[in-house]
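Below you'll find the structures, each written out as C-alpha cells.
In the two assemblies presented below, chain A is common to both, partnered first by chain B and then by chain C.
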Partner chain A sequence: MDQANKFGFTINRSRLIDYDRSDRKVRDYVTLMEPSFRLCFACGGCAATCTAGYHKSFNLRRMNTLIRRGEIEPLREEVTRCMLCGKCLLVCPRGVNTRNVVAAAAAAIRKLDRNEL
Partner chain B sequence: MKEALKHIVVAGGGVAGMEAAGALAEMGFRVTLVEKNNDPGGHLGRWHALFPDRRPADEVRHYLRKRIEHRNINVITGTTVEKIRHHGHEVAVDLSGGTEERADAVIMATGFDLFDARRKEEYGYGIYDNVITSAELEDLFNNGRIVKADGKEPARVGFIHCVGSRDEKVNNNHCSKVCCVTAVKQAIEVRKMIPSCEVFCFYMDMRMYGPYYEELYRESQEVHNVNFIRGKVSEASVNINNRLVIKVEDTLAGRPLKMELDLMVLMVGMEMSAPGAKCAAASGLPAGINRFLETADHHFGNNLSSMKGVFYAGTCTAPMNITDTISHARAAVEETVRYLNRR
Partner chain C sequence: MNSELFIIPFNLGLYFILIYSVVRSTVWFRDLSRSDKLRLQRGFFGRPFMQSIREIFMESLLHRKIFRKNPVLGYMHMSLAFGWFLLIVFGTIEADFFGERHLNPPSHAIFFRWFNPGHGDTGFASVYNFWMDLLLAFILSGLLLAMIKRFIPGMMGMKKTTRHTWVDRLALISLWLIFPARLFAESFTCGANGSGSFLTGNLGATLASFLPAAQIAPWFWWLYSLALGTFFFLLPVSRYFHIPVELFLIFMRNSGITTGDRSSSYTEVQTHACSSCGVCISVCQMSYAAGIHNIQSAYFIKGLRNDRDISAITANCLMCGRCEEVCPVGIELGPMRLIERRQGERQDSIPGFLERYSLTRKRSTIERLPTQSYSYLEREDPARADVLFFAGCMTHLTPSVIAAMKKIMESAGVRYRFMDEKGGVCCGRPLMLAGRDREARELINHNSDIIWKSGAKILVTSCPICYKVFRESYYLEAQVMHHSEFMKNLIEEGSLRLGYLHRKVVYHDPCELGRGSGIYEDPRSVISYVAELQQATQEKNMSLCCGGSLGNLTLASGKRALIAADAAKILTQSSPDELITACPLCKKTFVQATDTKVSDIAELVAAALPEPARKARSRIRRMTARTLADG
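Moving on, here comes the complex of A and B:
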C-alpha cells in the first residue's frame, strides 16, 4: 500500500492571502466608482444593522476587506445577498456610500467575467 | 520704584485655567481668572476617580484649589469672556454682563463640552431609562451605588465607546482620546463594586496611548474579567421586560451579535466648548476643522494664537487628559511670560 492511501494524502489549496498575486482590478474599479470606499475602518456598524446579514452570511464589513485584499471568489455570492435597503448608510461613521459600494462590486464582477476590467 | 504688576486674564477656570493662573501668580503676575460656573474646577468637579491609577479626583481638585489661593489672583465666577480685542499695547477683554478688563495678555482656557448623547438618537439616551453617560456613571460612583432607574443593581453593564467621536454622522471626525481608558477604568470600578455584574466594552479600536493605560487594560482582563467586543453598536432598543437590547457586529467573529443589557454607558467624547467657540468667533480667532482652536504651529507653537498677546491652554485646542492639560497650561504660561518680557 502506498503512502497516499494510508494517510489520505491530498494537496490542499493554500489559505494564504497572497497579496503579491491577488487581483486588485475589482478594488480599483470599486474605488473609482465609489471613492468613499477607502474610508472604511472596519467598525462593523453596517453589518450590525444589516437585515440581510441576520439571515444569511452577508457582511459588508468583511466584503470591503475582501475587495481590498483582492480576494474575488468569495465576492461572487456575497454581492447577490444585499437587498440594497441602505440602512448601513445611516450608520456608517465614516460616511461611506455603502450601498453604492455593493452596486459597484457587483458591476465589477460582471465586468471581470466579460473581460472588461 | 516697583513696576506695577503685569495683568493677565485667564478665560476659564478648569484644570488648564487654574494651573495657568496659579503658575502666573507664583511668578509675581496679577491674574484675573474668569469662570462661567459658580465655582472653578471644570469637568473635574464631577469625577470620582481618575485613570490610570484610580486615584481620587479630590486629590487633584485639592491641588488646583490650593494653586489659585493666592493674593495675586482675583476669581470672577458666573461670568464668561465674550470677546478679546487689541487696545493699544493692551488687550481688552469684554466680559458677560458688560464689564471690561484691561490686560497685558490673555490665556484662553475655555476647555471642552461633553458630547450631547441625545444627538446619537439610535442609542436612546433620554428615551430609555437605563442609558446613561460616562459622566453620569461618575455621579453614581460618587453616590457609592450603581443602580438602574428602578433602584436595583444591574447584572450586566455595557460600555459603548466613541459616542460622538470618530463619527461623521455627528460631524466629529476626531478621536477624543480619553474615553477608551475612561471606559476601562469605569469597567473595573463596576466590577469591583458589583462582583457578580458582567461588564462588556464595545470598541472600534482600543487607544491606550498614555503611560500605564495599556497596563490598566491588561489588568481589566487579567484581574477583573472585563469583556471586550470589537464592533460599533448600531442601535439600542428595549424588550418587553424593559431590558435594553443592542445590535453590534462582533467583527472578530464576523457575525452580528445581539445582547441584553441592564445598564448602557455611553462614552461621550469632547467637543469645543460652546462659550469658548462663541468668544473665539467674536474675537476672530480661527478654529480648525474639528472646531477646536487652531494653534499657530502644531509642533512648536501649540500655545500660540493668531492674535498678539493671546495664548491657548488645555482642551480648547484639542482633547487632552489632565496630565497633558497641566503641562500644556504650564507651557502657555512660559509663552506668555516670554511675550511679556520681550514686549
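Moving on, here comes the complex of A and C:
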C-alpha cells in the first residue's frame, strides 16, 4: 500500500471480461433502439463536454464500454446521471444519437428488471 | 304505404347519434376538473357563448382557416359542411312551408321529394325548388373535389393526404354515397312525375325517357337512407366524429379551458375533434424534408383515438409547433404530445369495434419510474448580483456567443454575474421535452436556488430553450429575459451605442423563442438597428425548424441534416450576407447546412459596437499615415 502511494498510482486488480459469456441483452436492445450506437469509436468528445460529467463522474464513453461488455451493475448507476442536455449530440463526430443511447440503456435496465429482455 | 319503410335506417341512425352525442358530452362534462366545469358554465352564459357561435359559423361551416390556406381546399370543405347545413335548414323550412302539416319529423324534410313528388311547378315553389337544386349542386361540386383530392392530393396544395383505417373508409364511402344517392332518388321521382328544377328535373326527365323511373326511384331512396344511417352509426368510431365534437371543443376553448399537463376530458375532446384533414402533414418538415411520413400530428391523434401503442410516433417529433399553428380545429398538439410522452410506455390494446363506442376509456399504462436522479448536485452559494447571465449548455458550445455577450454587457456598463461560467446545470427543458418532468424538477430546484440566492432582478439567457423553461416552469422573482430582449432594452435606454453595419441579413425565428414564447419583434428591432433586415419567405409563426431540436430523442443525425439543409436553403433564398438566429443550437445546426455565414444576434450586435477609443485612435493614425504616404 505504502509502496503504491509513493508512485501516485496503484495496480489494478486483474479482471477478466469473457466476451463469450458476457450479457449481451442490454447491448442488443440499445443497438436495436438506436442503431447509431454502433458508430461510436470511443473518442471521448461526449465525456469531455458533458454537463453532468462536470459535477459527478458520468462518462458516456465509459457507458459505451460497459454496455458492450455487458457490465450491468455499474451501468445501473451511470444511466441515472444524464441530464439529456444534448451537448454530446452536437460534439459527436460520428453522429451518434447519444441521448437516445442513454435513454435506451435506461429502458433496457428497466426491462431487464422486469424480465422482459 | 309500405314503401315508406326506407326511412327506418335513417331514423335509427339519426336518433342513435343524437342520443349518443348527448350522453357522451355529459360524460365528458362530468369528468372535467371542478375549475374547468365552472369555466364552461360561466362561458356558456356569457360573452364566450356568442364568440363560440361566431366561431362555429366561421370555422365549422365556412372553414375560413382552410380557405386562407388554399381556396380550393376551403371550397371543398365549405361546400360539404355549409352546403349540407343549408340543405338541412332549407329542407326543414320547405317541409314545414309546403308540406301538408307543420312541425314534421326530420325524416319528412330529408325525404321531402318522395312525399311530395309533384311539388314545385309554379311561382314561389319553383323558385324554392331551384334554390334546393342549387344547394345540392353546390355540395356535389365539393364532393367531386373531395374525390379528386383523394387521388391527386397535390391539386389542393396538399403534399400528402391522410391514410385511413377501414372504419374511416367505410364511413367515407357512406358519406360519399349520400349526395349522389339523393340526386338520383330525387331525379327519378321527379322524372316519374314530371317535376323538379334545373338539376333533378332535367336529369330526371332524361333518365325517365329510357328507364322505368317510378320503379327505380324507391331503390335510390333506400340507398340514400341507408347511406345516411350507416354514416350516423359509424360517426362515433370514425374520424367524422369530429363534426359534433368540434362544436363542443369550440365552447370549451372559448370558455378558457386549456390542455394543461395531464390528460383530461379536454384532451379526449381534442382527440376526437381532429378531422384528420392532413393540413399538419403538409407543413411538417419531418415529412417533406426528411421523408418520414408516419409520425405527423394527424397520425399521432389517430393512434390516441384508436388506443394504439404510439410511443415511437410520440417520441419522433421535433416539437417545433408548426402543425399547431396551422391546425384548423385549433388542437393544442404540442401539449398533447408532451402529455403522451409523460405517460411513457403503453400496452398496445387494440379495442374491438364495439368497444370503440364505450363512453369512457381506460387506457393501459405501465407506471413510469423516475429514470434520472441528480442528488449528486452540490448546493452552491453564489455571489449577489443584479443581473445574472445564464448562457446555457448550448451556448457553451458556441463560445463566440458568450464572448459577444460579455463584450456587449461590458460596453453597456452592465454589472452582471455569469451564472454558469464554469459549467452550470442544465435548465431542465430537454428533460421536460422527453416527458420527464419529475426529474426536470430536481434541476429546476437546483437552478432556482442559485437564482434566488443571488438576489438577481434580471436573469438573461442566450438560449431560447432555457428561456422558455425559466419563464414557464420556474418560480422566480427575477425578470427572465432572452438576450435579444435584453439588448433591445439596452439600446432603447441608450446605454448601448452602436454603429451601423452595411450588411443584408435574414433572421431565423428559433422555435422555442418564436412559436414557443411569442418573441418575434424584439430580435427584429435589434437587428434593424444595426443592419438591413430582409424578409424570409417563411417566418414568424410559420418559421422553419433548424432540425437540431432537442425535442426529438430518436431522430437520426442524417435526417436532421436533411431538415437543416432544406430550411437553410429557404432562408437564404434572397442570398443575404448573413443568416442571423437567436439560438445557439440553431446556429450550430445551420453552420453545417449552408455556405452563408451564420451568426447569433449577439455576435451581430457585438460587431456593431464601436471600438474602444485607444484602438480606434491608433487605427486612424495608421490610416492617416497611409494616406500621407500615398499622397
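Everything that follows uses one rule, which is that the second predicted complex is superposed on the first by the 103 of 117 C-alpha atoms of A that agree within 3 Å, B and C clash if a C-alpha of one lies under 4 Å from a C-alpha of the other, contacts with A are read in each partner's own complex, and residues count from 1 in each chain.
Definition applied: a residue touches a chain if its C-beta (ideal position, glycine included) is under 8 Å from a C-beta of that chain, and two chains touch if they have at least 3 such contacts.
Note that the coordinates shown come from a computational prediction; the quantities given were computed from them, not determined experimentally.
Counting the residues of chain A that each partner touches, chain B and chain C differ, and the larger count belongs to C.
In the superposition on chain A, contact of A:Met83 is made with chain C only, not with chain B.
Residue contacts after overlaying the shared chain place A:Arg110 against chain C, while chain B stays out of touching range.
In the superposition on chain A, contact of A:Phe41 is made with chain B only, not with chain C. By the touch criterion defined above, A:Asn97 lies against chain C but remains apart from chain B after alignment on the C-alpha atoms of chain A. Within the superposed three-chain model, A:Gly8 lies out of touch with both chain B and chain C [touch as defined at top]. In the superposed model, A:Tyr54 makes contact with both chain B and chain C. Annotation: chain A residues 49, 54, 90-92, 95 touch chain B in one complex and chain C in the other.
Touching chain A in their complex are the following residues of chain B: 122, 162, 166-169, 204-205, 230-235, 247-251, 254-257. Those residues of chain A that touch chain C in the shared complex are 34, 36, 49, 51-52, 54-56, 79-87, 90-92, 95-97, 99-100, 103, 106, 110.
Residues of chain C touching chain A in their complex: 369, 371-374, 376-378, 393-394, 396-397, 422-426, 430-431, 434, 436, 443, 548, 550, 553-558, 585, 588. Residues 41-50, 53-54, 59, 61-62, 90-95 of chain A are the ones that touch chain B when the two sit in their complex.
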